[in-house]
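The two complexes that follow have chain A in common; it is paired with chain B in the first and with chain C in the second.
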Partner chain A sequence: MTKTVASLRQSGLRTDTRTLLALAVGLVVTLWMAGEIEMNLFMAFVLWVLVAVRTVFHENRAVLVGTLVALAVWAVVLPFFQDSGGGFLEDATQALALTVMALGLNIIVGFAGLLDLGYVAFYALGALTAGWFMSGFFVGAGGGEGFSLLVGEPASTLPGIHFNFLLVILIAVVITTIAGMLIGLPTLRLRGDYIAIVTLAFGEIVGRLVINGDEIVIAGEKITNGRQGITPIDKVDLPFLEPFTGLELRPWYWVALALVAVVLFVNYRLRDSRLGRAWIALREDEVAAASMGVPLVKTKLLAYGTGAAFGGVAGVFLGSYLNTVNADQFQFSFSIFVLAMVILGGLGSIEGVILGAVVLSFINFNLIPDVFNDYPSKVGLDFDLTELSFGIFGFLLVIMMVLRPEGLIPERRRQLELTEGVGAGDTALGGGESIQEVRA
Partner chain B sequence: MNTEPTQPDESAQRAEPAASPPPSDGALLSAQNITKVFGGLVAVEDVTFEVPERGIVSIIGPNGAGKTTFFNMLTGLYKPTYGRIRFAGRNVTGRRPDLIMKDGMARTFQNIRLFGTMTALENVMVGQNARMRAGLFGSIFRVPRVKREEKTVEEKARETLAYAGIAESQFDQMSVNLSYGDQRRLEIARALASEPKLLLLDEPTAGMNPQESAALTDFMRKVRDERGLTILLIEHDMQVIMEVSEYITVLDHGQKIAEGTPEEVRTNERVVEAYLGKQGEKEAAEGAARRESGRGDQV
Partner chain C sequence: MEASTEAARLPVRTNTWDRVRGYIGEYGLIALLLVMPVVYGIQDLSDDGSLARLGNNVVDGLSNGAIWALVALGYTLVYGIIELINFAHGEVFMIGSLVTAGFIGTLGLTTATGTPGLVLGLLVTLLLAMIASGALNVMIERVGYRPLRSAPKLAPLITAVGFSFILQNVGILWIGGSPEGIPDLINAQKELFSIGGVSISQGDVLAVAATIPLVLLLTTFISQSRLGRAMRATAQDPEAARLMGINVDTTISLTFLLGGIMAGAAGLIYALYQTTIWYFQGFQAGLIAFTAAVMGGIGNLKGAVLGGFIIGIIQQISDNRIGGEWTPAIVFSYLVLIMVFRPSGLLGEETREAG
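Here is the complex of A and B:
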C-alpha cells in the first residue's frame, strides 16, 4: 500500500492526506451548497469530480486540457438540468455577466497594474447605451413612431430607438473604450495610489451624472431617467432565435456564457502577445519599460480602453437582462465588488478571476440573501445578513490576505512575488519610484 | 569622495581637453552644452561631447559627478534644461524614451532593472517591442503576420540570450531567480535584442569579480566588432576602463573636466585632482603604481 502511494507520488500525483481530506470536505460542502442554492445535485457532483481529477493529476497535461474541455461542456449543458425559470439560473446568468466585468478589470489592474476604483463607470455607460438604444427612452425618435434597426416584433413597432442587441454592444464598446481612454489620460503622469483616487473620482462623476441626468437636457432630450430608471429595456433579440422572455432564463444564460467565452478568448490572446508583455513590463518597472521601447501612453490607454470595453459589454447585457437602468445600480460599492472578485481570484490570473467572480456573485446574490439571511434572527439577533454584505466581503478579503494573498488561483508571477518576496515593492499597488521625472 | 577640490577659474581652464576631440563627421551621438538642473542643484553643467561611430567611449568620474543623469538625458528619461542632443542625424532632445530606443539607442541600468517576474526570454522579447508591429486587433485574431512576427521575435530572443552567454536552461527562468552575473548579461541581451546602433552601459561590471569583468570587456569588443555597434560606457573599474575605452570623458561636479585617450586622461592633472583631491597631485607625480591603488580606494 505505502509502496503504491510512493510510486504514485513520484509520477506527479497529489495524493497526500491533506489534499484528499480537502477533496472529501469539498464534496460534502459542494453537495450541501448545491442543495441550498437549488443547483442540480448531479451537476454539482460532476463539477466536484472534475475539480478532484484536476487536483490529483495536477501535472498531467492531457488531464488538464481534458478537464478544461469537460468544464466548458459542463457549463454549456448546465441549464438543461436546472429549472428554466428558477433562481439558480437567474443568479448564474448574473454571475457570468459579472465575470465579463471582472475579466475586463483584470486587464487594467491585473495585467497593467493600474489600480482602478471607478470601474462602475463603464458598467454605467454600457447599461446607459442599452437604455438609449434599446428602449422607448427617446420617445420622440423617428417622429414619435420609433426608429428601429434589425429588430423584430414587438420592439420594431414601439416608439423610441430599438437597435439590435449586437449592434448596441458594438456601440457600447466604442463609447466605453473612449471613456476608458479619457479616464486614462489624467492618470498618465500618476502612479499607484494616485491613479486609484483619480479613477475613483471618475466613477463617482459618472454615477452622479446618471442620478442627475434627468435634469441635463441635450438637444431637447434628457440623458437619463435618474433614480426612476429607464425601463423596460428590449430583451436580447438574436437572429434565428425566438425572442427572449423574462421567464425563460436558459437563452440568457447561454448568451452570457458566450460573452464570457469571447472575452476569455480576447484575454488569453492579449496576454500572450506583444501588448500583454508590454503591460506586464509596465507593471513591473515603468522606467525600464519606457527605456526598452514600450510607449507608456499608448500601452496604458490600450489597457484602460480594452478593460473598459468589457465593462460596457457586460453593462449592455445586464441592462437588458435586469430590464432597467437606474442610478442605484451604479454605486461606488460596485467598483469595489468587482475589484474584490479580481483580488479574491488572483490579480492577473484569468482562471482565478473567473472563479473569484463566480464565487463572490453567488455569495452576493444567493448565499447571503437566500440561504443565510435569516440566520441572525434564528439566534435571536435583530438584523438581516444582507445588511452586512459588504462587511462580509471585507472579512473574506482580510481572510484571503492572511491565508492566501496571491488569490484562489494565483498568476504564476504573483505567486512568486508574494511567496518569495520578490520585487513586490515596485509593482502595481506599491508604486515607489526612484526616478522622479520620468516623462510619459 | 574627493576632498573639496577648489573650483578652478572656469573660463580659463574649462576648454582644454588634452587631446583633439574625435572627428565630428563620424559622430553617431553628439551632445551640445547639456545642462540639467534639479531645483537648485546643477547636476550636469554645460557638457559637450561626441561619440564616434563604432567607437567604445567611456564616461568616468567620482560618485555624484552626474554620469547617470547624463545617461538619463541621452535616453530621454530626463529632459535637459539646456542643450541639444543629436543622435544618428536627428535631434532627439526631449524625445520620448521609447522613441529614442526605436531610433537605435538601448541602455542598461546601474542597479539592474529587469522585469522581475517575467522569464529571461520574455524580458528579451520586450526588448524587441519597438521593432514589432503587432497591434491590438492583430494580436486578438493572431493574423498570420503577427504569428510570424511572434515566432521570429522569440527565435531572435533565444539567439540573443545565447550570444550574451546565458545558458539555455535559464531561458525560461524568471529573471529574479537568475544569478547576479546572468542578470547583468540578461540586461545587455535585452538591450541588444532591439538591434541598437548605440549601446549605453551604466556600470556593467558593478559587483562582478575580475574574471567576469574581463569576460565582459571581451564581450564588449566582440559586440562592437561583430555587430558594428557603438558603445558608451559608465564605469568605475579602472582596469576595465583603461583596457576597453578608445576615448574617455571625465565628469566632476557635473562638469566635463577632461577628455582624451586613456593615456591622456591617466596623466591629466585635473582628473587626478578630481579623484584624489589636491593632495593627490603630488602623489600622482610619484609613480603610476601608487596612483592606481589610490584611485582604487577612492572609487
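Here is the complex of A and C:
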C-alpha cells in the first residue's frame, strides 16, 4: 500500500486517502449547498469535477492551465443555467462585486502588509461617485434640464447628471486613488497597530460625512442625501447593448464578471512586477527594504491608491446594481466583512481571496438569512441568525488566525512568514502557488 | 531611559516637512485642544455675558471623561506591556454594563430601595462587574493573543477585531439589538448644588468619586507592589524580565485582569450615569478611550486619565454645540491629527510604533 502511494506521488498525483475522502465529502457538501442556494446542480457538479481534477493532478501544469480555462468558461456560461431573475444570480453578482473589493483590500493588507480597517471609505466614495454622476441627485444641473454624457434614453432626458457607466468608473478610480493616497499619507510614519487605527478613523469619518452630508452645503448643493440615501441610480448603460433592467440579471452578472477579470489581470501583473516585489519586501521587513533602495513613501502610497481604486470601481457597480447609495451601507462592519474574506482565503493569495469573497458573500447574503436562519429556533433557541452574522465573521477571524493564519489557499511566501515568523527563504522566489486545500 | 528619550527628541530634521511636523508636534496639540473651549467661551461671553454654558459642558465632560479614563487605562496598560491594541476592550466595558444591568435586576434594586440597601447592592454589583470584565479580558488574552505572541503583529490585531464582533453579538443575544433603559438608581440628573450657574448633578459626583479612588489604587498597585514591579519590568524588556525570574505569561494575564477590572467599573458607572445600555456602546467607547490613551501618551497611566478627561470635555462641547451626530467625526479627526503630528501624546515617550 505504502509503495503504491509512493509511486503515485512520484507520478505527481495526489491520491492519498485523506484527499480522496475530502473530495467525496466535498461532493456531498457541494451538491447539498447548491440545492440550498438554488444553484444549478449540473453546474455545481462540473465545478466539483474541476476542483477534483486540479487537486488530484496538482503537479501537472497542462491540467492546471486546462482547469483554469475551464473554470473561466464555467463562470461565463453559468447564468444560462440559472433563472435570469432569480435569487442565485442576484447573490452571485453581488459576490463578484465584493470579490473586486476583496482583491483591492488584498493589495493593501495582503501584498503590502498595511492593515486597513477603513476600507469601507473607498466603497462609500465609489458609490457616492455613482450617486453624483449617475442620478438625478444634482437637480439643478444643466439649468434644471439635466446634463448627460454618452447615455441613452431615458437617463439622458432626466434632470441631474447622467454620465456613462464606464466614464463614472474612470472618475471613481481617480477620486478613490487620490483619497487612498490622502488617507495613506498620515500613516507613512506609523507602523502596525497605529496604521490600523488611523485607517479605521478615516473610514468612520467618511461614514459620518455620508450620513450627515445633507448638512454640508458646498456651492448651493448638499453633498449627500444623508440617511435617506440617493436613489434611483442609473442602470449600467454600455455601448452596443440594450439598457440594463432590474429584472434581467444576466447582463449584470457578466459586467461584474468582466470587472473581476480586469481586476484579476491587474492583480497578477502587479504582483509579479517590480512594484509587487517591493510591496512584499516592505511587508517582510520595512527597514531592510528601505536600505535596499525600495522607496517607502511611493510604494506604500501606490498600495493604498491601487487598493482604493478597486474599492471605488466595485462601489460604482454596487451603487448602480443596488439602485441606492445609502449611508447605512458604509459601516465599520463592512470593512471587517471584506477583511474576513481576505483572511479566510489567505492574505496575499489571489486565488484564496476570490474563494473567500465568494464563500463569505454567499454565507452573508444567502445562507444566513435564507437557509440557516430558522436553525436556532429548531433547536429551541430564540434568536435570528441574521442578527448574529457579524459575530459569525468575528468568530471566523479568531479561528482562522489561531488555527490557520495562512488562510484556505495560502500563498507560499506568506505561509512561511506566518508559520515560521521570519521572512521567506531565498529559494521561495517565483510565483508558484501551492494549492494545499481546496474547499468549494 | 530618560536620556535615550531626550536623544530621540533632539531635532535631527532635514527637510521642511519634518520641521513643520516638529513645531506642530510641540505646540500644535495643546493649541488644538484649546480651540473649542476658547471659541465657545468667547461666544458664550458675548452672547450671555457668562461662562455658565461652557462650565456646564466642562462638568458633564469631566464625568463622561472619568468613564473614558477608566477604559483608557485598560488600553494603555495592555499596550504598554505587549504593544497590542486590545480592540475588544470597548466590548469588555460593554459587558461590564450588561452585567451591572442584569445584576441590578437580580438584586431587585429599584429607585424605591433605601440608601443603605442601594449602597450595599451597588458595591456588590461593582465587584461582580469588575470580576466579570476582568475574567473576560484574561480569557480573551489566553485564547486570542497568547497563541499568537510570536506571529506577525497583524495576527493578534485581527483576532482582537474578531473578539470585538463576537462580544457585540453576545450583547445582542443578551439584551437584544436596541438600547435598553435601566432604573435611574442614583437619580443621576438631580442637581446637588450649583456654582455660578454651573450645576453639579449626583451623576457627576458619582462618576468622579468612583473613578479617583480606583485610579489611585491602580497607580499605587503598579508603583508599589511586587506584582506591579513585575509588570513594569515586563513592559520594559520581557526577555530580561524572564531571565530575572518573572513569570511573563502570568504578568501579562495580570495586566489584562487589571485592565478588565477598570473597564468593568467603567461599565457600572456608565450604566448608572446614562441609564441606558446597548450592545454597540462599547465600540464607540472603545475608540474614544483609545483616542484618550493616545492623546495622553500610550503606555502612560497618568496620560490616559488626563486624555480621558480632555476627550470627555471635547465630546461634550461637540455634542452640545455642533451636534451629537458630528461628535464621532470630531473625535476621530483629533485621533488622526494626534497620530500624525504627535504620536507620543501629551505625556508619552516616543514609541517604536510611532517612531
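By our rule, the second predicted complex is superposed on the first by the 411 of 440 C-alpha atoms of A that agree within 3 Å, B and C clash if a C-alpha of one lies under 4 Å from a C-alpha of the other, contacts with A are read in each partner's own complex, and residues count from 1 in each chain.
Note that in this section a contact is a pair of C-beta atoms (placed from the backbone, for glycine too) under 8 Å apart; a residue touches a chain by one contact, two chains touch by 3 or more.
Since the structure is predicted, the reported quantities are computational estimates derived from the model, not experimental observations.
Touching A:117, do we find chain B (first), chain C (second), both, or neither?
In the superposition, A:117 touches chain C alone.
Based on the superposed arrangement, let me know which partner A:18 touches: chain B (first), chain C (second), both, or neither?
In the superposed model, A:18 contacts neither chain B nor chain C.
Quick one: is A:296 in contact with chain B, with chain C, with both, or with neither? Answer first, second, both or neither.
A:296 sits against chain B, while chain C stays out of touch.
Who does A:275 touch here: chain B (first), chain C (second), both, or neither?
first
Looking at A:192, would you say it contacts chain B, chain C, both, or neither? Reply first, second, both or neither.
A:192: touches chain C, not chain B.
So which one touches more of the residues on chain A, chain B or chain C?
Result: the larger residue contact count on chain A belongs to C.
Would you check which partner chain A:394 touches, where first means chain B only, second means chain C only, and both and neither mean what they say?
In the superposed model, A:394 contacts chain C only, not chain B.
State whether A:402 touches chain B only (first), chain C only (second), both chains, or neither.
In the superposed model, A:402 contacts chain C only, not chain B.
Is there a shared patch on chain A that both chain B and chain C touch, and which residues make it up?
Looking at chain A, the two contact sets intersect at 417.
Which bits of chain C are touching chain A when the two form their complex?
83-85, 143-144, 147-148, 150-159, 161-166, 168-170, 172-173, 177, 283, 287, 290, 294, 325-326, 328-329, 332-333, 335-336, 339-340, 343, 352-355
In the complex of these two chains, what residues of chain A are touching chain B?
265-266, 269-270, 273-278, 280-281, 284-285, 287-296, 302, 306, 413-414, 416-417, 422-423, 435, 437-439
Could you list, by residue number, the parts of chain B that touch chain A in their complex?
72, 75-79, 96-99, 101-102, 106-107, 109, 113-118, 122, 125-132, 134, 136, 139-142, 146, 149-150, 153, 174, 176, 190-191, 194
Once bound in the complex, which stretches of chain A touch chain C?
Residues of chain A touching chain C: 109, 113, 115, 117, 186, 189-194, 196-198, 200-202, 204-205, 208-209, 211-212, 332-333, 336, 339, 343, 347, 383, 387-388, 390-398, 401-402, 405, 417-418, 421.
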